[in-house]
Structure formats: C-alpha cells, structure tokens
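All chains are identified by letter, namely A, B, C, D and E, in their written order; residue positions are counted from 1 within each chain.
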Amino acid sequence: MSTAFYWSIAGTAAGLVLVGLWGILTRKHILRIALAFTLADTGVNLLLVWSGYLPGRTAPIVDGTISASGITSAVVDPLPQAMVLTSIVIGVAVAALFVVVGVLASRRTGSADVRRMKELRW
Amino acid sequence: MIRTLTGLIIVLVLGAVAAAVIPEMQMREELQGVGYSYVSRGMDDTGSSNLVTAVIVAYRGLDTLGEVVVLFCASTAVVLILTLYPIGIKASEPSRVVAFTAKVLPAPILLFGVYFIAHSHISPGGGFPGGTVIASVFLLVMLGSSSVPDGRGRLPAIESLAGLSFGLLGFWGIMTVGQFLNNAFLGTGTPGTIVSGGLIPLISIAIGAKVASEFSGVFKAFRNTGGTV
Amino acid sequence: MISLVMSITFTALAALVWGLLLGGISRMVTARIHGRIGPRLTQNFIDLWKLFRKKSSIHHGTMFWLAPMFRVAGAIGVLVLVPLVVGNTVIVNMSFSGDLLLVVYFMFFGCLGMALGAGDSGHPYAVIAVSRGLAQMSSYELSFSAVVLVLAAGLRTLSIEEIIMAQQDGILSWNLFRYPFATAAALITLLPMQMAYPFSIVLAPQEIPIGPPTEYSSRFLSFMFSGRAIFGVAKLVLFVNLFFGGASSWISLLFKTFLLYMFPIFVSTVFPRFRTEQSIRFLWFVPTSLAAIDLLRVMI
Amino acid sequence: MVVALAVFLPLLGAFISVWLSRRKPRLSVIVSRLFLAGGLHSTIVLSIKLNAWSFSDLGNSIILRTGVGAPPLSINLEATGGAVIAAIVVYVAAILGISRLTSRNVKTLPLLLSLVTASLGLLFATDLFNSFVFLEIGSIITIGLTAACRCRRRWEVAVKVALVSGLVTILYLLAIVVIYKTTGELRFEALGMLHGFPALLVSGLMLTVIMTEIKAFPLSGWGLDFYEGASPGFAGVYSATWSLAVLMWSAGILPRLPIPNLQILAWIGAGGLVLGQFAGFRATSPGRMMGYSSAAYASILLILAGTTTGHDYLQLTLVLMIFAAIAKFTVFMLADPENENPLKSAAGNLLLLPILVIAGIPPLPVFWAKFKLLSILAGVSPLMLAAVVLGLFLEAVYLLRLWSKRPVRFLKNGRLVPAVTSLLMAAGAIWLTAGFWRSLSFSGSLLSSSTLRILFMTVFGAGTLLTLPGAWNRIKGERSYWFWMLLSGISLTFLPMAGNGITFYILWEVSAFAAVIAVSRGSRAAAGTFWFAVFAAASGFLLLASIVLSRSMFIAPGIPLILVAIAALFKLGQMGAHLWSVRAYSAAPATMSAFMAGTSSKAAVFLLVVAALGTGAVAMPAGSVLAWAGVLTALSMAVMAALSSDYKKVLAYASVSQMGYILIGLGLASVMGWTAAIYHTFHHFLFKMILFLGAAGVIFRTGTSDYNRLGGLIRRMPLTFTFTLISVIAFAGVPPLAGFGGKWFLYNGLIETGWLPIALIAMFASVVAFLYAFRLLHAVFLGQLSTVNARVKEAPLALLVPQGILTAALMLFSFRPTLFLEHIVPAIESLPGLKGVAPVINGTIVTTPLGNWNAWAVGMMVMGLFGFAFVFYWLSGKRPKHVGQLDIGFAGELPPSAEEVHYAGNFFKPYRRALAFLPRIHAGKVFSGITEVFKIAGDSVRAIFTGDARTYLAHSLIFLVIVLIYLRGGI
Amino acid sequence: MTETLMTVIVVTFGGMMITAAIAVLFVRDLLSAIIITGFVSLSASVMFLLMDAPDVAITEASIGAVLATMIFLWGRGKIGGDG
C-alpha cells in the first residue's frame, strides 16, 4: 500500500515539473512564467523529499519516542530535507528578484509580454 | 498555437523520459549512503536532536552559508533595483481592519518566530522559517501604519551584523579545530535541551536575524513603491 | 680589345650606311607607287648631315638630353649582339656574349630611352605617341615571344649562332620552311616593329608639327635618325638569321636584308592605318595564333 | 585557513559593505578593496604553497574542511593549483573592475564582493549540491548587477538571464534527485558511481546544465544577449570572475560525466564551434562578438573534455580559460558599445592585444594551448581538426573586424585596467613561451642549405635595417609604427633559423601580425588592414593545421603541402589574395609598404622552398598548378598595374605580379627554375625596396600618390629619380641590369621543361611590365612639374641612403651576377630532389644547355656605346640650353598650365579598350561572394537565436531530449 | 494515520495540484493564478508533512506559500493586466 503512496507522490511531483516546464515554454505573460517556475520548483522539491522518503518512519527529529540505538531504522533521510529547505529559500529569492526585474522590464516595454523583449537577438 | 504545441511535445517527450526513469527509482526500505551516517552519528557529532538542523547548520553549514548569501544577494539586488529605479507611489492609508490586525497580531507571531529560531535544534523550524515569520511581523506593522517605518541604517546594520557573526562563527571553527563552520568544538551539551548543539543555536539566531532583516528590507522596498503589499 | 672596337665601329658605320640607303630606296619605291618622282637615293645622307651640322639650341632636361644616346647605344648594341655573317671570324662583335633572349630584351633599351626622352620633353602628344607605341609593342611582343619559343624549343637552343647553324643544310632547312607559320607570324610582327602601315599610328603625332621630332631638333634628331637606321638594319639581320638561313657572305646578307626590307614597304603602301586598339587586338590574335600552330607542333 | 580567507573574506566584506555603503560610501569602497586585497593575498599565498605557477602539478590541492565530520558527510572546499590561479584572476578582475562597477552606485559593492566569493566557492567546490548553491548565488548576482547597471537593454537581459537560470535550477535539481536517490552521495565522485539509465539521465541533465551555463553553442543564446545588452563594465567583470569560475567548474565536472564515450563531447564542441562561429561571423555589435567568442571558448572546453585527460586537460583548460577571461575583461573595460564615436588612438592599440590573445596569435599565451589542442586533435580526427581550425579562423576574422572597425571608445580614466591586464597577458606569454622553450628550435634545420639560409636572412635583415630609418619619417596622420616594423623584421630575420614547424609558425605569425599593426597605423589604412589581417590569419591557420597534421616533421607528404602552398599564396598575395596585398601595400605607411612588398613577402618564398624540400621537391602536378597560378598572377596583375593611376597601387600590383615569376620558378622543380626563383627573389628584394622607398620619398614630400597630381619631379628629386630609373630598368628585365637574369633563367627552365604556354604568357607579362614601368617613370618624374610641387625638396636622407645602398648592390650584381650565382647555384644543386641541369658558371659567363649570358661583357658594351654616344655628342658642338617646361612646340599655341599639359591619367586607354571583351572579374567581388555565402550560412545558423527567452529555454530542453536519445542509442 | 488514508489524501491532493497547476497556466485572471499557485504550494507543504518532513513543511508554508504569493501579488499590482 505504501508503494501506491510512494508512486503517487512521484507522479504528482513529475506532473508539476512537466506542467511548469510547459508553462515556461508557452506562456507569454512574464508573471505567469514566474508562476510556472514556482510550480516546477515545487515539483522538484517534492521529488527531492520523495527521494529521501522511507515508509513507516518518522521525521528525523530525535525525541522521547525514538531510542538512540534504533534510530537508523526509525527516521527518514534528513539530507534531502535539508536540501529542500535550501532549495525553497533559493526558489523564493530567485522568484522575488525575477518578479522585480519582470515588473521593471514590463514597465519599460509597456507590456508584460516576453515576446516584446527581443530587441537583442542573433 | 505552434509554440503551445511544440512546448507540449517537448514536455510530453520529457514526460516519457520521466515515465521511464521514475520506475527505476524503487522505494527503499533502509537508509543508504550518507543518509545513514547522518542519522546514526548526527546526534553525537552535533548535539542537535533535530537531524535536519544538524545537517543544515552543522554538517552542511557551507550550503546554508551559501543559502544565506543567496538570500542576501537577492534582497540586496531587489532593494538596489527598486531604489535605483523607483516606481509607483507612496503607501496609502491602511484600512481599519488592517490597522487593528497590525496592532494585535505582531506580538504572538513574533513569539512564534523566535521560538522557531531558538528551538531549531530540537524541534521543527529553524532560522529560515523563523526569520520569515519575524519579517512578516515587520510587514504587518508596516501595513498597519500610514508611513513607511524609518528603519534607515538599522535593517542593514542588523543584516551586516548577522552576516558577519555567521561568517566569524565559521572562522572561529577554523581557528580552533581547523574546520570552517564547525559547531561542536565547544562541546555539544545534552541533546534535547535548549542549550545544546554547540553553536547551532547561535548560528540559527544569526540566520534568523539575517533572513528577517533581509525580507524586511525587501518588503520595505516593495512598500516604498506603493500598492497592495 | 682594339680589334673589337674597330669591328664594332665598322659594323655600326656599315649598318648606318645600309640603313640610310634602304631608307632612301623605300622613299623612292613609295614615291613610284604613289606615281611621284620622289627624293634622291642620297637624300637621307644629306638630311642626316644637315641635321648634324646644325647646332641644337634648346633642351628640356637630363632625360631629354640622354634619350638620343640611349637610342644610338641601344641600336648599336642590338646590332653587335647579332652574328652578321656565318663563318666570318673577323667581325663577330659581341655575338657570343648573349643569346636570343638577351637580344630580344635588349631591343627595349633604345625604346625605353626614347620614351623617357619624350616624357621629359613635357609634351603631352609625345607621351601619347609613347603610350600608343608601348601598347602596340607589348602586343606584337606576344606573338614574337611565341616565335622565339618555337625556335628555342624546336631547335633546343637559344643561341642565335646555333640557330643559324641549324639552317645550313640547304634552303629547306631554313626556319622559313621548317616553321612556316611562326615565320609568317614573325613577318607580321616585323611590320609594327618597323612602324609600317597598318601599324603606324605611333607615327601619327609627328606627321603634324607636334611631338618628339618637333621637340628634338638638329643634332639630337640626327642621332635619332642614325639610331633608327642602325636599329632597322639590326632587326633585319636578326630576322635573316632567325628565319632565312642567315647569311653566308656579305653579299647574301645585303641581298636578304634588302628583300626583307621591301616586305613592309610593299605592305605599307596598300594598307590603311589601324587604330591603336585595333592593331593591339590584331597583333594579339592573328600572328599569335599562327605562331601557336607551330608552338603546338613543337610541343607535340 | 588560507583557503577560508581566500573564499570568505570578500563575503565578510560584502556583509560589512551592505551597511557601510549607506553610511560612508567612499569608505566602503576602500574597505571592500582591502578585503579583496586580503583575499588576493591569500590566493597568492595558496598558489605559492601549491607551486601552481609551474603549471605542472595543477592537481595538487589544499583542502578546507567545513562543518562537522569528514566528507561525504560534510563538505570540503578543495583549492587545486588550477583553481587557485583562476581565483587570482577572479580577484584581479574584481579589484580592477570595482571602480567601474561602483562608479554610479556604491550599493552594488555587496553584490560584487559576493560574486567573488561565489566564484571562488564554485572553483573550489567538491560537492554537487554545494556547487548548486554557488551557482544560484552567481545567477542572482548576475541578474541583479545586470539590472543595476545603466544601459538601455538591461531589463531584457535580466529577464532572459533569470529565465535561463531558473530552468538550469530545475534541471540541476532533477539531476541531484537522481544522483542522490541512486548513489546516496553528493560529492562529485557520485557521478562515477552511476550506472544504467540513471547515469544516462544524469549525463543528459548535467550536460544540458553545463552547456547552458557556459554558453556553449547552441545553448548560447542568452549569453550572446547578455554580452550585447549588459553594460560593458559588468560584462567584463562577469567574464573574468563568474564566467571563468563556471568554466573551470564545468571543466571539473565534464570528464566525470558517466558517458561511455566522452569523445561525443568533443564532437558537440567541434560542431558548435563551427556553426557558432559562422553565426558569429555575422555579428555586428562588439558585445555580441565577444559573446560568440565566449561561445567558442565554451566549445573548446567541450572539445578538450572529449579528447584530453589528466595533466594535459588541466593545463590546457586553465591556460585557455584564464587568458581568454583576462583578455575579454580588458576588451570590455576598454569598450563602451553604447557609444558610437570612433576610437581615440590609444584605444585601438590597447584593444589589439586582448583581441590577439583571444584569437590565439603566437606567442601570446592562448596560442600555446590552442596549438597543443590542435596537435592532439590531429591524432583524433582530421575532420575535427578541420572543423576546429575553421571555427577558430572565423572567430579570428570577426574579432579582427571588431578591432579594425574600432566601434568602441576609450575611457578617460581607465588606463590602469589595460595596463595591468596587458602586463598579465604579456607575463603569461613570456611564462608559457619559456615553458615551451624546449619545443622550440633554432637549428635552422628546416632548410638544409646554409647558403640559402644566409641569403634569406640577409634579405630579411637588410630589408628591415634599410627601411627602419625611413620609418622615422612619418607623414602627417600616420602613427609611429617603427617598433612594429622592427618586431616584424626581427622575427623574419630569425625565420630561416627555425628548426621545426612550431618555431617557424611562431616567428611567421609574430611577423605577420606585427606587420598588421604597423599597416594599421597608416593615415588611410582602414581599408587595407582588415583584409590583410584576415589573410594573415587564414594563412596562419592553414600553416598551423599543416604543422599539427604532420606531427614531428614540419611537412609531410600529402594534404599539408597543399595547405602550406595555399598559406604561402595567401601570404604572397597572389591572384585572388591580391585583395589584401594591393590594398595593404597601398594603404600602409609608405616605408612599411617597402618593407612588406620588398622584404616580408619573401617569407612566403622561404616557406615554399622549405615545404617543397620537405616533400622531396614539388611533385609535377602540384608544381604546374603553382606555375600556372604564378603566371596568371604575373599577367593579370601586370595589366592591373598598367591601368591603375596610383603610385603605390601600381607598385603593389607590380610587386604581386613579380612574385608570380618566383612561383613559376619554384613550380618548375628544376635547378634552373629554382635558380631563377632565388635569383629573382633576391633581386626583387633589391629593386622593389628601391621603388617603394622612392615612392615613400615622393609621397612624403608631395603628400599624394595620385599620378594626376604628380609629374616632373625629376627636376626636384633627381636622386630619387635616378634610383627609381635604375630599378625600373632592372625589373623591366632590360639588359644590362639585373632583372634580365631572373627572366633568362626562368625561360631557360621553362623551355627545358617544355612548359611553353607558361613561358609565352610569362614573356607577355614581362612586356606588359614595360608599360607600367614607363608609365610610372613618366607620370611621377617626367612630364610637367605641377605648380603645387614646384618647391618640393629632395627626399630625406633616411630614405635616400638606403636607396643608394640598394642601388649600389643592384648595380654590382647587375654587372657581376656571377658573384651571386657562384654561391647560389651550387647550393641549389645540392638540394635534394630537383631535376634538370644546373647553369655552368665560367668566369663572367653563365651557360645553360640552351644559351649563354655574359652580363659583364654586355654591361661593358652598353656602357661603352652609351659613353661613346655621349662623348661624341658632347664633343661635337655647342651645348643646347635648358628652357622652361612650358616652352614646347604646341601647334603654334601657348600651352595652358603645367597641370593640364601633364598627361598621366587614363594612360593606356587603347589597352583598356582592347581588353574590353574580357569579363571584368574583381577579386573583391569573388571574396564578397564567398563572404556572402558565409553570411547566408551564418544567418541561417543564428536564426535560432530569436531573441525570445523562451526559445532559449526550448533549445536547452530540445538539446536535453536529443542527448538523451543519443545516449540511449535510439528511441 | 493509516497508510490507506495517507494514500487517499496524497492521490486527492496530487490530482488537485496537477489540475490546479494546469489551471494556473490557463486561467484568465492573473490574481486567480497567483492564488492557485499559493494553493499548490500549500498542498505541497501538506505532502511534505505526510512524508515526515515537518521542517520542510513549515518552511514551504511560510516561505513558499505566503511569502511567494505576496511577492507575486505585489508584482501583479505593479504590472496589471491579466495575460
């Protein structure tokens, strides 16, 4: 049963990444692209945590319920979680900067359409 | 239309790749690789009962320092850009509901944030969420007042100080045990208590302060441009 | 050394006399064809002497001054580089110092001097004549080069001496018969070389009273006349040597050069004048094609 | 500790400056500089500890441990020798760039300082996730600083960078998921533990990430836009800090990718190099050109990763990347693409060095790496070699165009940056050249005959010395070029001493590019320099290709000979390539033209001699091709010379035409032919030098080289006229002067071999030479003296004395050619592989199987006859008096002004008319045709860079899909 | 919490998240898109919680859901339009 849980999370995460990529490739509005990025980021983060998931265990926080000796079979992998924390913060930092840049860019070109931002090419 | 379809095709192909690769990633029953070591040695090495915090702050403190720098750079860039190229108008008068909320809520939220930061080594939380929560207090206060709070120099000072202390804590480690950002050279204390985990609480505070001041700076910059936030 | 100088002096004087005589004959013949009486045979000698006696009063510069010397030196130089009579050991001059190529290239020496003098005169029409002359010269040199190559490659030698010796087996061994097309080409090029009609556009400016002969007067002009007379003879001798079996005696040399000299004169009188570009194209294509036939024969 | 200081000092500085910059902006700059200086000091200490400067043990490292425990639990920073050197470059660039970046807003300081930390972190990183964090810092700072700098298109660029880095983030994290899930590790070593499908997926993802980050074609779209649109100040700092770090980091990752056959990387790189540089060929903005150049370096990195390993790999990547980074930094610091004003003089000069460094011209540092790379590629695949050489050539072309058009402006206060970076590049050149010194050889063993060697050295050395005094006399508008001429001449002089291909190549290129620089300083050089540089580059690359193809020897039979021959023909400026030679000769400073036409063109003859000997003499078919090329050049260029009316242009055409005879001689591959070639080489040197120096004098005094504005100068410059007259008679081939000898040997050789058609055309060409020879003398020195020039003086002594010396030599060898021949003929006879018989020298007589030539006797005779005529005239009566130049018989009229009477223009009108039936083919048109094809190719390639950021993302994803399909071996 | 319940929650949330994600791309109103994105983030934080990652869940909820949404809202206010 836990395999169904496992695979459905993977499916959700992969689906989010793909939808996000699709959005990045096809949307025109700069904020919409930023949203698509956020979606893809969320998917990737899910995948990361998913990669450290072990069934039937608890969070990697040692409290009274876990004995020090049996800890290796009691908690999930902490490293992916640590990485996701970093990734979330980075994601929001990039998103903030992107939104600011996007806002100023669209005020400059008079439109939030990325197709208008191709003065530089070839 | 063509673009949508092309995008769809690319995405579908990538989906096929994903469909091919995900089944390769069979679920494991046991910890593997470094994960096992973190779990088995984590508490002894770092004295933190929150192993995620142990990894973040102690084992892979360098990543976290980098993460702080990411945030630092992003907020500096945002503030810089919005100062260089100001847009919009000054803040407008807040509605009464907001003003009321802004008076009532800050204290409990602030407490919550401080708790997150201070207990990062024993319970879920940590500098990042804690800092964010504190920053949201700042935001709330800002929304509640008609003028932008004049924190000139204070926010950057906190930012500077927090960043410097993080870095200097790192150097302290080098000078004592030759390992940058080592947290354990002063002893790790009893896991599960507030005063444990070596330097972890200190680093968490530094991170929290930094994150809080940075997000606050960003919000201030946003607020300066006027608008809803 | 002294014998060489004497031999050269003799050759040069003889060529001068013969050249002036030939010139006189040509003036007479032309006059007869035109139905005139024409000048005396000795008219050229008289003219030359008269010019030489008159003192030149003006000059235009160093090169103007030196041009007649170039002309004379160039003409005599060509003459003495060419063997005159087969087997004559007394008058061999400098004919062992160089081969056909040297002679061909040395022929430019006098021309260059003339041209420089004309240029230094500062007279635009003089230079127009030079420009036409050079253009035409470069054109006939194409076919003449082909002829030289035919001879050199066919006879495997560049030495004029040896070219003559190769023609000593009877009249059929003459290059005239061995390489008839090349000879024809060479004879055509002889016309512009002698500035005969239809290639006489070069002379046009001096037919109205402008151009080099106007600027050059008296003694300068006498030098140039002598140079031209000697040069003409030298070219005739060269042609005789190259195509007509050389000369086995002085009589035969005189005879052959005389006959050869008559050729351009007769052609001149019946042809009108080409424009420069017409003559350039004619010389590029007609004689060169003729020579090319023999060149192909030689190559195969 | 030192490592930590090196990496984190700037970060501490950043943390301080974020506060300080609000309070005390100027102090914060100083403090930041101090922190950077401290970091720089640490890196230097590190480099000394690691003995990194020997460039030999680049793998040595000092490790900084972080966190708790040991890897794989914690993260190490590993300062390897190569990374440390790159780190020094990062620091230097940051310190130099700081004033430029903060000049408008000091609040950018924290970002700049953080960028240094991020760069160093990435350079020293050993962990995949740690690298990711540093990559993100870099991206964010790039976006931020791009947006913070004031230039028109910053927003567009910032959006594009943000989008691309967002995609890279996603792909990289996906790769990390797969890696961690599969191996349970995050160190770089984890990549090696992958197998099967995950390995494939990770390779695809990482390759896409890396190629996007390093801006390798075809994933370079955003990078191009970035370099074009970002402010030059930031683009410069970026390229020497962040871009360098990313490249070095990628260099560390690429070989670890779990791809079964890494050579595919090299193919991707080679293909990208060619296609990308085709696209770059069309770039017009300087920034974009630098972007394409950066794509080229990314491609080279891929090639290196695919073909080299171990120490070679470390060394090559390091050298290539750091010097390219320094050079690019310098270019950007000098450039201000926003401004369309023409450059001040200094900027053009300063711009050249970095551009030559990027283009890889020896002995500049990048060259050594490129040379080694090409030698390695020669062993891998000739096709790849060809692709790389073509790509590098195209890159050189547009870089040189960037320089020659000089669309950039020099900054008033920015002299420190170019000074420091130039010093660094020069130091690198010296350092690397010293390192490669053992591979150089000056034994002169390329040409076995010492006589010929000495001959060539004499030509080169004497040519340099004799033109040098003239180079001090400059016409108004020309800039000092004597140094470059001297440099070119010195390298040429040593050319015959070269003992192997690489030595030869270096001397050749130094000489060529020094000449390019010298030419560029003429007052009207703009037209000539670019094509000169292009052909110099083309011949250089061909030569380089042939050298690396033939490995140990200089020339091996087969392909390289053709390459060398084409290289030599380019250098000679033969028909087709005369595009450059004529333009450059006529555009260069006058004395420089003399040097080039008279002296440095002989280097190509030397090359051909060496090449022909290397293959055991020129084989018949190749030889006849050479001869035909020569004879057609000789004729066509002679006609062109006769029909043009510019003094220097005529000399230029004439010079090219005369080179044709040398080619014919060499093509004959017989003793006679070679005697002709060598004889002509030497004498052409003599008389062409005299002619060009004479022209230099005339142009110097009159300021014009237009025939229509000259004339009559014999009266003002009699000595120049005399020298010119003598050399004209000589090169026209009129006995008794020396030019005849060359032709005589040549025709002897041609008739001996039976190449009669060639002989015929050559003879015709030599008569056409007569046309321009006379026209030259007339139009410049004879005819009417223009009133404008009525007061000009004789040429300066600096020009006259060399002419006098050369004329004396010319006269000596005209009358006594045997003095020359008795050394040369035995030397040529002793060369291997030449057929035919040698001319026999007996006293003053030279005899061949066909004829004989006694120059001494002929000369004496002519002198005697001339003297006789002269004396005869002199003695025979009263001398005439000199009259004014307008005092001419003019059909009874008074001639108008001197100018109107001087007849110089349209001189051989009938000739032009007679030639009218020929189709007029301009070499310029042929080359613009070729250029057009290149342009179309470039346009179709660069069409993929639509400018829409999402297209760039699609490129990355499509590339990912293709790579995955390829790696999987099909769908 | 039983395995079955967890699976049901995950499948439900997963389906909603993907639907919502597609909706973000296609919904007309930008404000709705931003709010839907916030919803996706919030759902993700629930999933993190289910995967025994409370730290991540807290962070995602506070940073990913709230902070990011605020930033987007600010951006929308500055740009306007609903493209």
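One rule holds for everything that comes next: contacts are C-beta pairs under 8 Å (C-beta built on N, C-alpha and C of every residue); 3 or more make two chains touch, one makes a residue touch a chain.
Since the model is a prediction, treat every value here as computed from it, not as a measurement.
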Next item on the list: Would you pick out the chains that touch chain B and also touch chain C?
Entry: D
Margin query: How many angstrom lie between the centres of chain A and chain C, each centre taken as the mean Cα position?
Written below: 99
Checklist line | Interchain centroid distance [CA atoms averaged], chain A/chain E, Å | finding: 10
Margin query: Based only on mean CA positions, could you tell me how far chain A sits from chain D in angstrom?
Written below: 50
Next item on the list: Could you put a whole-Å number on the gap between the CA centroids of chain A and chain B?
Entry: 16
Check: Using the touch rule from the top of the page, what residues of chain B touch 2 or more other chains?
Finding: 3, 6-7, 10, 14, 25, 32, 34-36, 38, 50, 52, 60, 63, 66-67, 70, 73-74, 77-78, 81, 87, 124, 126, 128
Check: What are the residue numbers in chain A that touch two or more other chains?
Finding: 2, 11, 17, 19-22, 25-26, 30, 45, 50-53, 55, 59-61, 75, 79-81, 83, 85-86, 88-91, 93-94, 96-97, 100-104, 107
Check: Which pairs of chains touch one another in this structure?
Finding: A-B, A-D, A-E, B-D, B-E, C-D
Next item on the list: Please name which positions on chain E make contact with chain B in the complex.
Entry: 53-59, 62-63, 66-67, 70-71, 73-74, 77-78
Notebook entry, point to check: Hey, which residues of chain A end up touching chain B in the complex?
Noted result: 2-3, 6-7, 10-11, 14, 17-19, 21-22, 25-26, 51-55, 59-63, 68, 71-73, 75, 77-83, 85-86, 88-90, 93-94, 96-97, 100-101, 103-104, 107
Margin query: Which residues of chain C touch chain D once you look at their complex with the stated criterion?
Written below: 8, 52, 55-63, 66, 68-70, 72-73, 76-77, 80-81, 94, 96-102, 105-106, 108-109, 112, 115-116, 119-124, 127-128, 130-132, 134-135, 137-139, 141-142, 145-146, 148-149, 152-153, 156-159, 208-210, 214-215, 219-220, 223, 275-277, 280-281, 284, 295, 298-299
Notebook entry, point to check: In their shared complex, at which residues does chain B touch chain D?
Noted result: 3, 6-7, 10, 13-14, 17, 20-21, 24-25, 32-38, 41, 45-46, 58-63, 65-67, 69-70, 72-74, 76-81, 83-84, 152-153, 156-157, 159-161, 163-164, 167-168, 170-171, 174-175, 178-184
Margin query: List the residues on chain B that touch chain A in their complex, please.
Written below: 3-4, 6-8, 10-11, 14-15, 18, 22, 25, 27-32, 34-36, 38-40, 42-43, 49-52, 54-56, 60, 63-64, 66-67, 70-71, 73-75, 77-78, 81-82, 85, 87, 122-124, 126, 128, 191-192, 211, 218
